[in-house]
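Down below are the structures I want you to see.
In what comes next, chain A is part of two complexes: it sits with chain B in the first one and with chain C in the second one.
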Partner chain A sequence: MGTERNVLLKYLLFSAAVLVAPIFFSGGYLLNVLVFVGINTMLALALNLLLGYAGQISLGQAAFFGLGSYISGVATANYGMNPWTALVLAAVVVGVIAFTIGFPILKLKGHYLAMSTLGFGIIIYILFNETIDLTGGPSGLSGIPYFSVGEFQFDSDLKNYFLIWGFALLMILFSVNLVNSRIGRALRAIHDSEVAARVMGVNARLLKVQIFALSAVFSSIAGSLYAHTMTFISPASFGFNFSVELLTMVVIGGLGTVYGSFLGAALLTLLPEFLRTLQDYDIVFYGLLLVLMTMFMPGGLVRIPSLVLPFLAKFKVRRQGNA
Partner chain B sequence: MSEQLLQYLLSGLSTGAIYSLIGIGFAIIYNSTGIINFAQGEFFMLGGMSTYYFLSVAHLPLPVAMLLAVLLTTAVGVLFERLAIRPLRNASPLILVIITIGGSILIRGIAMLIWGKDTHSIPMFTGNEPLTIGGATILPQHLWIFGITLLIIIINRFYFYNTVSGKAMRACSHNRRAASLVGIDVKRMVLFAFAISSAMGSVAGIISAPLTMTSYDVGIMLGLKGFCAAIIGGMSSGIATVFGGLLLGVLEAFGAGLISSGYKDAIAFIILLLILFIRPQGLFKKAETERV
Partner chain C sequence: MLRVEKITQVFGGVTALRDVSFSVAKGEIKGVIGPNGAGKTTLFNIISGIYRQTSGDVFLAEKKITQFTPERLARRGMVRTFQNVELFGNMTVLENVMIGLHTKSRSGILSSALKFPTAIREERRIRQKALECLEFAGITEHAEETADNLPFGKCRLLEIARAMALEPAIILLDEPAAGLNARETADLGQLIERIRATGVTVVLVEHDMELVMDICDSILVLNLGEKLAEGTPLEIQENQKVITAYLGEG
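This part shows the complex of A and B:
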């Protein structure tokens, strides 16, 4: 853990990089991809708070993302609600759902937790497909309006880039502060040993549910942003595969690191764009990446510097010793 | 109307039999390692897909193709244990969940690379002349499913209670450390568990392929349904999971017939959540083992 000043410096550097990035990709199709990197960063961050910090797995993250998208989409496209109001409404509804199901679900641990969140995700996915009157079913929901402020509409990639990264940077700031606070330490304590955390006076049960709800709210906001920038959504984006993709992002970027979530999201969003030839075979690639990373680099990409540096230092010492 | 209900019951029981086999596969691995193997459904897929391959592409006779398919799947199961599970023996459940998910994606992806994305079917084992039982019709293939499932359950029971290695495996499921103290090679038992459950999964895939078709991605849903069966049965590798599978199959058949076929798949997951929330020890067991 860095000192407070380092944390702030890192955040400012990262924000600056995000702000100047469009200069290099302006107008290009890559900018559109960077919009998706922003959305996936929020989603990976949401899962990482839960999985990386509190040690609670969720294979149903796509459901919260989808609920956010669909509540926003249905409220605006079918009932003419203002997109901003819809975003808040979706976040509140999803937060309440997550908080309610959080109590029974987070009583479970490990494999059982994974299976029950997965089950929840599939039930929601089936609902998206079957409530055709409301969601349009498998063929999707179109006619979702863009965000707008007065006359100004967020209708281009560049505008949406700043909108989405604005939200992403806020979430990152919030998360950095959260994990370096008392709550962050309590979460890590639960990760290492729930019993020990309880003995130290941490209300583990409530805290787990709260972080689960927070993670769901982040995902829901990402979902609303996604719906209003795409203006079209369909259930296929919110299935089990996407939950697994998010899991891969978090594992590859680095469990329990805020910026690792960005690295994982960026890698998994950009790579398929560069490796167009992979097309359908990207699934093999995810599987391989997931297996190899867990086996050989459990810390994720973000740990590469801290793996390499001590090794180099040791190497230096040995050489000095020999001389 | 009663004929209609009988029809639902029969088709539910035959899907349920398949769920039972997959569920027992889950339970066998769970009991010997404490791992929920997310790749379980892929063994089911491999059974069906490789039978199709040996039959239609390599033009082998059906029994040979089926045998080869079981052998191939068992080899994949053993390899998976050796390459991914054994090196991570002492990892946290979190890591094990992730690695078996990764493994399942990888197996599914490789199957797609080799056999493509098309849906395939294999012929019925003995014709497709429907039989009539009390007004409901079933296919000979349904009888094959019932017969083979029953046979496997009997062999299973015999293995676990009447052979040294089966008893050793039960000892492992009670207490791995104690088992290793009395001289049982726990690592070997884990390997056996993977071999047996992948073989069972492949058989389930083979016997159901003529009715339901097969493709590279059938394993996901079937694996989850099998897990649901095992959860209803309290992760028993015996008769309780069989009942769990049959119950699930019948409930789904009635749900699809009487309520809506679109929500059919949701039934299994609602049951799964209810059981995990309310009776994590399974439907038939008294509370003793900790599943939470």
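This part shows the complex of A and C:
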């Protein structure tokens, strides 16, 4: 947690790093990858609020991401809506959907919750594929317009980088404040002992549904941003595999940590670019990574400093002792 | 303060409680005792809204609270602790108590995440109040420790401090002395007396007879799911039925 000042400092440092990053990757194709890191950071963060803080699993996150994308895509490409309006519309619709299904679904716990969110994800995935008149089906939806402000169009990687990271930074700030508040505390309480949280007057059922809906809205916004920067979307991006990948990001980055979401998203987005040589075997590598992480570093990447620093300190003391 | 009317609880074919009625006066310390399996914890789970009884009613300050959820009861001033200690293990001691102040604060998701001035002020107030509760239970020096790392005796105290943060009208303590040594039990007795002194009504399930006889104003004895006796500690000690239930026929 740290003190309030440390929290703010960390956020400012992170934002500064995000702002200067393009200098080092300008024009390159890595910049394009960093755009994806931004989108995946939002998605991982959304899942982390639900899973890492409230302790509720969802294997249907890709569906909310996809719904955001498709509502945005269809409304703009087929009906000529302004992309910004479409983003808001998608977020509201997805929020309402999540809130509605959240009440029955979040009564379930553990494996049953995982299965029901999985089922929801599959239903939505099939919907994208089968409503061909609307979505273009498996061959995808093209002709989605870029975002624009007046004459200015977000049509290059660099412009989209700042657009997407702008949103990501806002979501991170929102989340950092939330998890360090009365609400964040109540979420962690539900995670540790739901019955005790309820006895303390926390309306666990409502709060779980609210955070589920918030997670869906974040995912939907990421989806709209994705649709309007790629200008082409197809159902393949929103399948079950991607939900599992998001789960992997959160676990590897660090459950219940805001910045862990970024670390996990960055690793799992950048890694494939370096693992091209492994071709189809990259999935083996992911599996191995997940197993090793959960065995040796269950706290996630975000814990590395707290693991390494004491070790270094000890090393230093020993050297001084020898001298 | 609290009135229980003809509570019956059937689990499958087993009748855990049958027609149990009793009442607790305001400001009183009421003990609930009985041999293992008498239905004491079941009774607590029903009163605190965790189980739904088969039949019977519960009244809190003359208001019917039958089948209220635990969170609704918390808002009406009823709180409980657990036999097996239900702390928020990954949170600090202070944060645990701050959860106890959840009903005393109202900032929602938006005002918390956007740091409205009201939310900031509220957070400061919660922290201040929580520190006072730690002081009350005498565990201030552990404020920043993770709850899972506390010694067991302190866990009991923390659970009570957290419950007191709600400023309850009535507190239900489920075997608070279980697992405590004699010294810790004596401290606990004093803490319970201090709780009563603040005007809070106490209902206590307990096996430690010395503690019960020492601090309770009146005692309810359950046996095999039925009310066996009710009265002052002295009356209970001399009650032949109670002696038989505990020691068997002589």
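Quick note on the criterion: the second predicted complex is superposed on the first by the 308 of 323 C-alpha atoms of A that agree within 3 Å, B and C clash if a C-alpha of one lies under 4 Å from a C-alpha of the other, contacts with A are read in each partner's own complex, and residues count from 1 in each chain.
FYI, contacts are C-beta pairs under 8 Å (C-beta built on N, C-alpha and C of every residue); 3 or more make two chains touch, one makes a residue touch a chain.
In this text, all values refer to a predicted model and were calculated from it rather than measured experimentally.
On the shared subunit chain A, the superposed partners chain B and chain C are arranged side by side without overlap. In the superposed model, A:A186 lies in contact with chain C only, and not with chain B. Which of chain B and chain C touches more residues of chain A: that partner is B. In the superposed pair of complexes, A:V74 makes contact with neither chain B nor chain C. Once the two complexes are laid over each other on the shared chain, residue contacts for A:Y281 go to chain B alone; chain C is not touched. Chain B and chain C, viewed from the C-alpha centre of chain A in the overlaid structures, lie at an angle of 80 degrees when rounded to the nearest 10. In the superposition on chain A, A:M295 contacts chain B only, with no contact to chain C. Applying the stated contact rule after C-alpha superposition, one finds that A:Y112 touches chain B and leaves chain C untouched. With both structures placed on the common chain, the touch criterion links A:N129 to chain B but leaves chain C unconnected.
Within the superposed three-chain model, A:I221 lies out of touch with both chain B and chain C [touch as defined at top]. Within the superposed three-chain model, A:L45 lies out of touch with both chain B and chain C [touch as defined at top]. After superposing both complexes on chain A, the closest C-alpha pair between chain B and chain C lies 8 Å apart.
The residues of chain A shared by its contacts with chain B and with chain C come to none at all. Taken in their complex, chain B has these residues touching chain A: 35-36, 38, 84, 87-88, 92-99, 101-110, 112-113, 117, 220, 224, 227, 231, 260, 262-263, 265-266, 269-270, 272-273, 276-277, 280, 291-292.
Looking at the complex, you find that chain C touches chain A at residues 48, 50, 69-71, 73-75, 79-80, 82, 86-91, 95, 98-100, 102-103, 105, 107-109, 112-115, 119, 122-123, 126, 162-163, 166. Within the complex formed with chain B, the chain A residues making contact are 51, 55, 57, 59, 104-105, 107-112, 114-116, 118-120, 122-123, 126-127, 129-130, 240, 244, 247, 251, 280-281, 283-291, 294-295, 298. Those residues of chain A lying in contact with chain C across their complex are 174-175, 177-178, 181-186, 188-189, 191-193, 195-204, 210-211, 214.
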